[in-house]
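The following blocks contain the structures, represented as structure tokens.
Presented sequentially are two complexes of chain A, the first with chain B as partner and the second with chain C.
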Partner chain A sequence: MIASKTQAAKPKVGFYGFTGCAGDLLAILHCEDELLDIFNAVDVRSFLMASSEVHDDEELDVAFVEGSITTDHQLESLADIRKRSKVLVALGSCACFGGPQTARLGYGDWKERFKKVYGNTKHTVAKPFESRPLDEHVKVDYYIPGCPIDRYQFFFALTRLAQGMSVELTTFPVCAECKWNENECLLLKAQLCLGPVTAGGCDSRCPSHNLPCIGCWGPAAEANVASEIDLLKERNFSAEEIVSKLRLFGGAAMVRRFADLLGIKAEVPARRPRPKKVREPVVAGKAKKKSPSKRPAAKSRAKKR
Partner chain B sequence: MSLNRIKIESLARVEGHGGITVDFKEGKLSNVTVDIHEGPRLLETIAQGRTPSEVVSLTCRICAICTLSHRYAALRAMEKALEIEVPPKVRLMRDLMHCGEMIESHALHVFLLALPDYLGYPSAVHMAPEYLEDVQAGLRVKRFGVRLMELTAARSIHGENPVIGGFGRYPSKSELLRFKYEAESLIPDAERGVEILRNLRQPTYMEEGMTFMCTKPEHDRYGWVADRILVSNGQEFNAWDYRKLTNERVVPHSMAKRSRFQDKPYFVGALARFNLLGERLDGVAGEHFRRCYNLSWIRNPMYNNVAQAIETVWALEEAPRIIDKLLTHEEDPAIVAPSRDKGAGSAAVEAPRGTLYHHYEIAEGRVVHTDIITPTAQFLDMMESHIRVAAKNLTDEGDTDNIELKLEMIARAYDPCISCATHLVKVRGL
Partner chain C sequence: MKALKLKKEDLYTYLESLKSYGELWGPVSRGEHYSYAKLANVRDVALQALRTIIPPKKFFVPPRFNMFRYSEDQYTETFEDVKPRVLFGIHPCDIHGLMILDELFLDRFPDPYYKKRREATAILGLSCIPDDKCMARSTNTHAVEGGFDLAFNELGEEYLVWVGSSLGDDLVRLNIDLFSEEIETSDVQKYLEWRRKRDSRYKLNFDLTGMPDIMELSWDSPLWDELADRCLSCGSCSMVCPTCNCYNIRDISDLSLESGVRQRRWDSCMNKEYALVAGVHNFREARAERLKLYYTHKLKAFITEYGRPSCVGCGRCIDTCPVSINVAEVIRGLKGQEVKL
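Right after this comes the complex of A and B.
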């Protein structure tokens, strides 16, 4: 673990981004008051968006990874980051669940959509495929959800990880935060609010602005999606609209856990091609879980989030 | 001449993943490409069949740094399509949030991403020991931009408070006043960026004439939102004719599509705005503009950094003026409901890095067509061209020390946003 090292040297940390909007890395750059302190407290070995000094061949104590995986090149570098890192943290909803680019996962129309956008041009840069969250490819130790992440959850995680401790983020839904903030319930006003099934951590940001939660934090650990759907149907929302909302940010997590409720029949996360080079990742800490090459069945994986 | 290829795999200190490749054949420059490695997201196809409000929340996720510009463009386009007229207070709030984004994005770029190049550091953090006051001034300005976005949009990134027809919640009078005074107090900090850049010598090896484009506000003041587009050849267009301006094509070395105007590359961004509308700048920003402007501004993209620094000053002057007007509107207007469930609308706004177009078509309350043209997609060809000129000049003169850094600096001056660049698409009827 990292703890034994902290006395001697600062923990080595890397920040990486794949397919997304760079919002989670930007959220870290938005910590103006703490930015210089962060860079002093840990040894930042890679943060390409902020610094051209990059050391990408070293072992890391913690890697923070934003974005989902959508090309073979990304898959290779993710495997490399995993190999070099003791702890790998998925940063933001794209990394945790696949992000909005995963909202049609399971409908089997990716190829057709890709052609709509890019036509028949053969791309020389990389081989693209449908977006998947990080844990479809490698073991992820911790998840910091949010679109984008909340900077205080990030500080909390960084501080704990820098000291070799584990990280437990909130398990309650937005709905609970909404009650603490004494907001008027939007479901009672017949609005399509996803607060009851969405992971908390944003301080019920949208309901506190009189606006329904659109679920950008992904499904809460104990989300009861079936009863949410019933509640909304009672308020005259169509099944189609409810599913569309649940899927916008629910990513692969929503599909894995609630495919039946969402009416997705296709055998969902199909296996992605793996680059030849991927070997067993070096994993410290809670190393008991299965290696990524023997992916456990979708059901048991779902619980981790 | 032994050079065969200069390859910069990953551009640092820009948003997203891109690189530069310069090829030589028998000692002669043969090809220059800006490669975009960003993975495809196909968000426009995800938009198909969703409600307009879902699509507004989706398309702002194209890019975090330009999130509010995307949102502003999307809201204006959707409201045109749905025939919604928003009250003046809503427009003022949107302009205020737009100021927040300009301040944050420019301060980040000028102080933290561009300045380290000029001063010879790999990052602002490395620069801090020597230039602590400057870095801190930059961070103060940036933080204000972030907080202004939080105040108006509910979050600094992907804030959901601005919605079709209005806002979920309005800030209180006392909050607005606090922000007004803080903006005024930060002007000297922002001027520091202008001063540093003004006193640095800008390299000239990439100079080449450019075509510029930006939105042209109807009033005679400087601004970032309009339905008319002005081109440096004197032509003007309606924003909804944006396709005439931005002819696009797909290239193999890039997941981004490219734009050309009359088959020529063009520039959008702060430098374009200042070349076309600079004389409209007033206040302290206007003074700085007149002091800094010279003829190189029409040929040299490095001055985009200076233009951004001055624009930050203008935004800090503009925010208090908007707040004064906001304070005269006592009532918080309710969200305006659409009067129909179908229609088409296009809108343009200036994002920090240039003109951004959103176009939507709606039928039976669902989005059936999405078209988004981002600034970076528009200026990639111009950027390639400047890098080509620089690579040629530098190698012809045998001045190849640090050539990678020199080429990278040109790319960074454009302040490219590569996540945005991969979204120049047209999707219809999936």
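Right after this comes the complex of A and C.
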């Protein structure tokens, strides 16, 4: 077992954050009761929010990366982290799917949108581009979704990785856990709930507080978005409202998988080219197909029911 | 089995006296629905409740529970919530559901987690008048002849109370003064009349004879694809079904990496992962295949093996599925009638 007493034998782990609210890293730091155990289980080499002492020139066993990628500088850092890490884990919805900042992916030209908000700004620090999740740039081995992540799912992933095992997180929809918690179905009460198309593992937190699911854990493994849209339309929600909700947290995953259903097929931009600085680049998105435990990129509904 | 009478006005007093045996649980309101909850106040019990959101299987196979704690050299079974309990207000269909689970979990390969919880629990049945989602008459699970410790049948100002086990007899003796043994001819007449009234209220009536044959013939029916287009694969139907009993197991390590728990949680054959095996092979990858499996199990395979469907007609799938896929619609579809999705 890796949990040996010597520091040297512990897996080396780094925590990183890009564009996002840092809520996932904060969620980990908020685990006051478990924090010592976390730092005891693994050798944390980099966690800027926790300690200014970082070792960012070392090889890592596992890198946990929060946030989406929005500038060339971030892309270089991500490529560097990828190169140094045996396993790269996307932490939180922004890293997994792009987050709300990716909600408009494929909605017209990004440059025009940028200009509309910022005017003719000169980029002095870093060159920005349209926000994308990590796997549009580098290979991602595991996805821990959530806005923010659930601490128990994080512990589960951390302990599995620390013991050299694969990580299988919940892929079935929120509805199952919602039933376990014996909530009244909000869809049946004609609310715009995304539970059936959203990955579970959150313990149906929002519906348990009588709030409809907003899809912050991203699309479930086999989300039947077409049926969900029909169902919501039957409950008199407008197509615009439904698509907007689906895209808010669905990000790139929602756009890539269900563009035709969202009515944006013609406008979806191609994946970004790989960063030039990666010496041995990995084709973006390929990781998804290897194992079902890694949040599989389901093919379009038409092919597979 | 003997029959007794209890005055309606004495019910709460009797329920209160049951607490000396163990925790008292019964249906309580949950919004517009019902859920089994611990009855701190016996007057909270919702006597009008028909179906709870999830069935009483939750008492014997909780949605999530820890089987045992493990460390590097040993394991300890926890049995966290095993304690004497009285479940009051279980309707006949749900009692049949428990009898089906008993066959699966107690007969050939007893499941210790189920067994311990089952043995610690008294089942107190309660009669009901069906609504438009009940179809227990079609599945012949609308009445009980066993599977309970006590069964209460509402009859005007009284309950007829059947004693179904020696534990039931003990429970009556907790407050025996409340019960009367004097059954009169008029009571028999009233009871038969009540049964006729109950039977006449079923709006969903299906002839399920020969269902395995029909299912076999329908193997390639386009019905499955039509349902699959609509199905959300959310698994809610399995969660609310009194006889669905599949589960998944996972080990959750403590952060010390030296100990942890083995957790069991409900699973559903509607989940894509369900039939996933090594090498990323999935022998029921298509949603239509999974729907077919679910209903084949309810209406064909179980009948072939156990002589009765594994649907007890409780109506929970009718009440739950957001896209109206349920056992009644599937039976209609299989019998060549129009399906309303």
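Definition applied: the second predicted complex is superposed on the first by the 265 of 305 C-alpha atoms of A that agree within 3 Å, B and C clash if a C-alpha of one lies under 4 Å from a C-alpha of the other, contacts with A are read in each partner's own complex, and residues count from 1 in each chain.
One rule holds for everything that comes next: a residue touches a chain if its C-beta (ideal position, glycine included) is under 8 Å from a C-beta of that chain, and two chains touch if they have at least 3 such contacts.
All figures in this text were calculated on a predicted structure; none of them were measured in a lab.
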Clash or fit: what happens to chain B and chain C when chain A is overlaid?
-> fit
Touch check for A:D57: first (chain B), second (chain C), both, or neither?
-> neither
Is A:E182 in contact with chain B, with chain C, with both, or with neither (first, second, both, neither)?
-> second
Count the residues of chain A touched by chain B and by chain C, then name the partner with the higher count.
-> B
Can you give the closest approach of chain B to chain C, taken over C-alpha atoms and in whole Å, for the superposition?
-> 12
Show which residues of chain A both chain B and chain C reach, each in its own complex.
-> none
Touch list for chain A against partner chain C, complex | 1-3, 34, 37-38, 40-41, 155-156, 158-160, 162-163, 168, 171-173, 175-176, 178-180, 182-185, 187-188, 195-197, 220-222, 224, 226-228, 230-231, 290-292, 304-305
Note which residues of chain B are touching chain A in the complex, please.
-> 10, 12-17, 35-46, 49-51, 54, 57-58, 61-65, 67, 104, 108, 112-113, 116, 122-126, 128, 135, 139-140, 142-143, 146, 154-158, 160-161, 163, 167-169, 250-255, 408, 419, 425, 427, 430
Chain B touches which residues of chain A in the complex?
-> 17-23, 26-27, 29-30, 32-33, 35-36, 39, 44, 48-54, 67-71, 73-74, 99-101, 103-104, 109-110, 112-114, 116-119, 121-126, 128, 131, 147-148, 205-206, 208-211, 214, 216, 241, 244-245, 248
Per the touch rule above, chain C residues touching chain A in the complex are 30-33, 35, 52-54, 63-64, 72, 225, 228-236, 239-240, 250, 252-258, 260, 265-266, 268, 271-273, 276, 280, 282, 285-288, 320, 322-323
